[in-house]
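Two complexes come next, and they have one chain in common, chain A, joined by chain B in the first and chain C in the second.
After this line comes the complex of A and B, so read on.
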């Protein structure tokens, strides 16, 4: 039996859209009763169209936004019971990469200091040279030349920015990496490079991945298990190969058939 | 897996040489010194400041001495009144330099105080948002609504007429706008993904404000400072005109200019020379502000 890292039960996120004393309160149900588990070493894919609540789930499980209701259990402990200190060490273990490669890097910081930032939070006694060495070692791991150390984000390409984001997420050696559409802002050949890189790093750092995407071909290639989302609800889940072979739900079928085939049908 | 393994480890120098890290502020200083207009302006500002501080020691006249033999004397090299005298026969150059001490220090201190308070107040209100933001901004609005002249008069009455309370009074008025500008910018900044990432990294709120929000606010802050210094200098002259600021025989640039403008038909130099000093100072501040704004933004280069 594999060890469970994350257990989510009936997670909900509702945004109020009308407010007032006499107006009936309406809600947008961004996430509406989602339950799933994540096991050590697996890659869990979350797919769905835009607005289906994929990114909201990412932010909720990292507690970057407050949830409406539901239970999140990280490492076997209810997140509501986490103390302040435990939350800090949790932040070290679970990291996130965002969709927009430029937007997730501070435009006023050099690449080196961006990657170094998490070291300053958790390893305060590290000397300046040691931390620089670690940054450069990691930069070579993610395929960035050390010449880029003193560059600014706007001076490098989107693919390189995403590598910087990955390096920053990995510098404190997390056990879980949440990727919120890490490649959807990049062009196809760069997408392939970044996915390859994630695959290599997953094995090198023994990572457990949550991979969010709207692109089914990407999910098919790298995920062990898949969750299909539609308007905040889980429609179908299962092992990737099974799900792609015999989709049960009509929505999943439609999604799968929407993937452009390399050989167009006549 | 995808068959493309483009990233080449051979190209990467594996930590063999330690790269020397540069920070934003070191880069910004280097960029500022490459900007000729900003360097010239900085030089002029330093010259004017040094003249105001040390100049009076080298001149033969005192700022309050009246020379009855030369009333309304035009600029004259022989008598030592290089920029002429005013209606009481006092040497204009010495008075300009003394006025400079006051105007520059008010411009500097009141601006720094209000920027300091405004930035802290604005970032806290904007960053934490919610009820705290609503409360803090209502306080700002209440203070805005208070007529500041009454506020200054009360200060003067309670604590006595003191130049430091003039600094305090001006600073207390000017930080309100700063707080509003900073709050607005902070609200738009905190939605950016790099702030969210920083939270996910486990960075504390205080360090997020110091490391990410304030450096990204630098542009608007610097621009607003260059607008604030002249308005502070002018505010001081207005308060002095009402008898709440500096008192005769002490003077400031604002006072000299307002006196000079009343006598400009009879004695042009009383308006031109103090005005010239003030214009050079303000223009320099503008160029320095522009240079700083560009220097702090890496995208400008």
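After this line comes the complex of A and C, so read on.
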């Protein structure tokens, strides 16, 4: 039995959409009672159409937004994210890369300082040279030349921005990396490069991955287990190969059949 | 970067020359189109005296020649004699009023910048709390109450009722004399700046790179200091140029109410009395100050935002 790293029970996120004295309160149920587990070393895929709650789940388990109800246990522990120390130790172990590679980087900071910034929080007594060396080493790991150290995000390409995002997430050697649609803003050839990079880094850094995507072919290629989401609920989950072979739910069947096949049927 | 900056500054200063010329010409014509002249009075002057005066001030020459003489004098920094304040040149009048107006304007813009930004940022972070609501409603009042109401009220309350501060006068730049006028000038600016700062901070707080900063594990106060302020202060910088030019050339009303010998009153009195050279002089001062400050804000913006190329 593999070790459980994350346990989510009955997680809910509801947004109020009308507010007033006489109007009945209505809610958008972005995430509506989701439960799943993540085990050490696996790659868990979360798929679903737009608005199915994939990104919301990412932000919830990262505590970037407050949950409505439910339990999120990381490493068997319920993190109290209103305590500074706990959130700090949590952020060291669990990191996220975002969908919008360019917008997720502070436009006023150089690539080097973006990657270096998290280093200072956890390693206070690291010297300037040491941290710069670590940043440059990591930059070469993610395939960025060290010439880019003093460049700004607007001066590099989208694919390079996403590599910066990955480097920034990995600088403190986390054990879990959540990828919230990391390639959907990039074009196809760059997508493949970034996916290959993630695969290499997963082994090099012993990462456990959560991979969110609406692109089933991507998920099929890299995930061990898959969760299928629709309107905030889990419709189906299981081992990737099984699920793709014998989808049980009609929604899953529809999703899978919508993947364009490399050899189009005539 | 540095050579770019110098090139940019030189270019802008060169562009400023035609801009100023147009403004001067416009002011020159506007003043002369206005009915009456500096020496019109109720009692008609004997024709020979009038001719003498006209000759002394070159008013008998055709208008284009007057303009030519004025520009020629300007190019060596001579704003000409005042038509109404006898025995004073415009240079002397401006020099006597400018220190007063600049002291008032500069201190109130600095004070309102700090207080306004602080209130705006805190209101944005604590949005939809009582702090936010009270700052926003008080600032709305601050915007609505004109300075000609605020200034006498302050003077009445702190000067007369409480007897804490002098009601008016310059008194050689005594700090106590400055408190009330600076407060009257700052309050509306604080109100405007805090509202602008709140809006732009909220926008920045919702942006993706702040989400990234939070996911890095940085502390909220560090995020605000390092990431938020640099982005959200940009609209304020933009607003600062016209605001401080306006404040430094003298708030006419506040200077009048507190009896301060600033530059603002020359503008009004000069315009009413058709003191051609005085009005033009103050106008040129205002325009060049504005041009200079806009240049400064452009440079500041480029320093704050690497995406802006000079």
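In this text, the second predicted complex is superposed on the first by the 261 of 266 C-alpha atoms of A that agree within 3 Å, B and C clash if a C-alpha of one lies under 4 Å from a C-alpha of the other, contacts with A are read in each partner's own complex, and residues count from 1 in each chain.
The definition used in the following text is that contacts are C-beta pairs under 8 Å (C-beta built on N, C-alpha and C of every residue); 3 or more make two chains touch, one makes a residue touch a chain.
These numbers were taken from a predicted model, which means no experiment stands behind them.
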Partners on chain A (chain B, chain C) - clash or fit: clash
Per-residue contact with chain A, leading partner among chain C and chain B: B
Touched partner set for A:192, first chain B, second chain C, both or neither: first
Chain B versus chain C as contact partner of A:124, first or second or both or neither: neither
Touched partner set for A:139, first chain B, second chain C, both or neither: first
Partner chain(s) touched by A:84 [first = chain B, second = chain C, both, neither]: second
Contacts of A:149 with chain B and chain C, given as first, second, both or neither: first
Partner chain(s) touched by A:203 [first = chain B, second = chain C, both, neither]: neither
Against chain C, colliding segment of chain B, chosen among 41-49, 59-67 or 275-283: 275-283
Chain B/chain C common contact set on chain A: 62, 64, 87-88, 91-92, 95-96, 98, 100, 103-108, 117-118, 121-122, 152, 154, 165, 168
Chain C contact footprint on chain A (complex, rising order): 62, 64, 84, 87-88, 90-92, 95-96, 98, 100, 103-108, 117-118, 121-122, 152, 154, 165, 168
Chain C residues within the chain A interface of the complex: 207-209, 211-219, 227, 230-231, 304-307
Touch list for chain B against partner chain A, complex: 1-9, 11-15, 17-19, 21-24, 27, 192-194, 196-203, 207, 211-212, 215-216, 218, 296-299
Residue ranges of chain A in contact with chain B within the complex: 59, 62, 64, 87-88, 91-92, 95-96, 98-100, 103-110, 112-113, 116-118, 121-122, 128-129, 132-133, 136-137, 139-140, 142-146, 149-150, 152, 154-155, 165, 168, 189, 192-193, 195-197, 199, 221-222
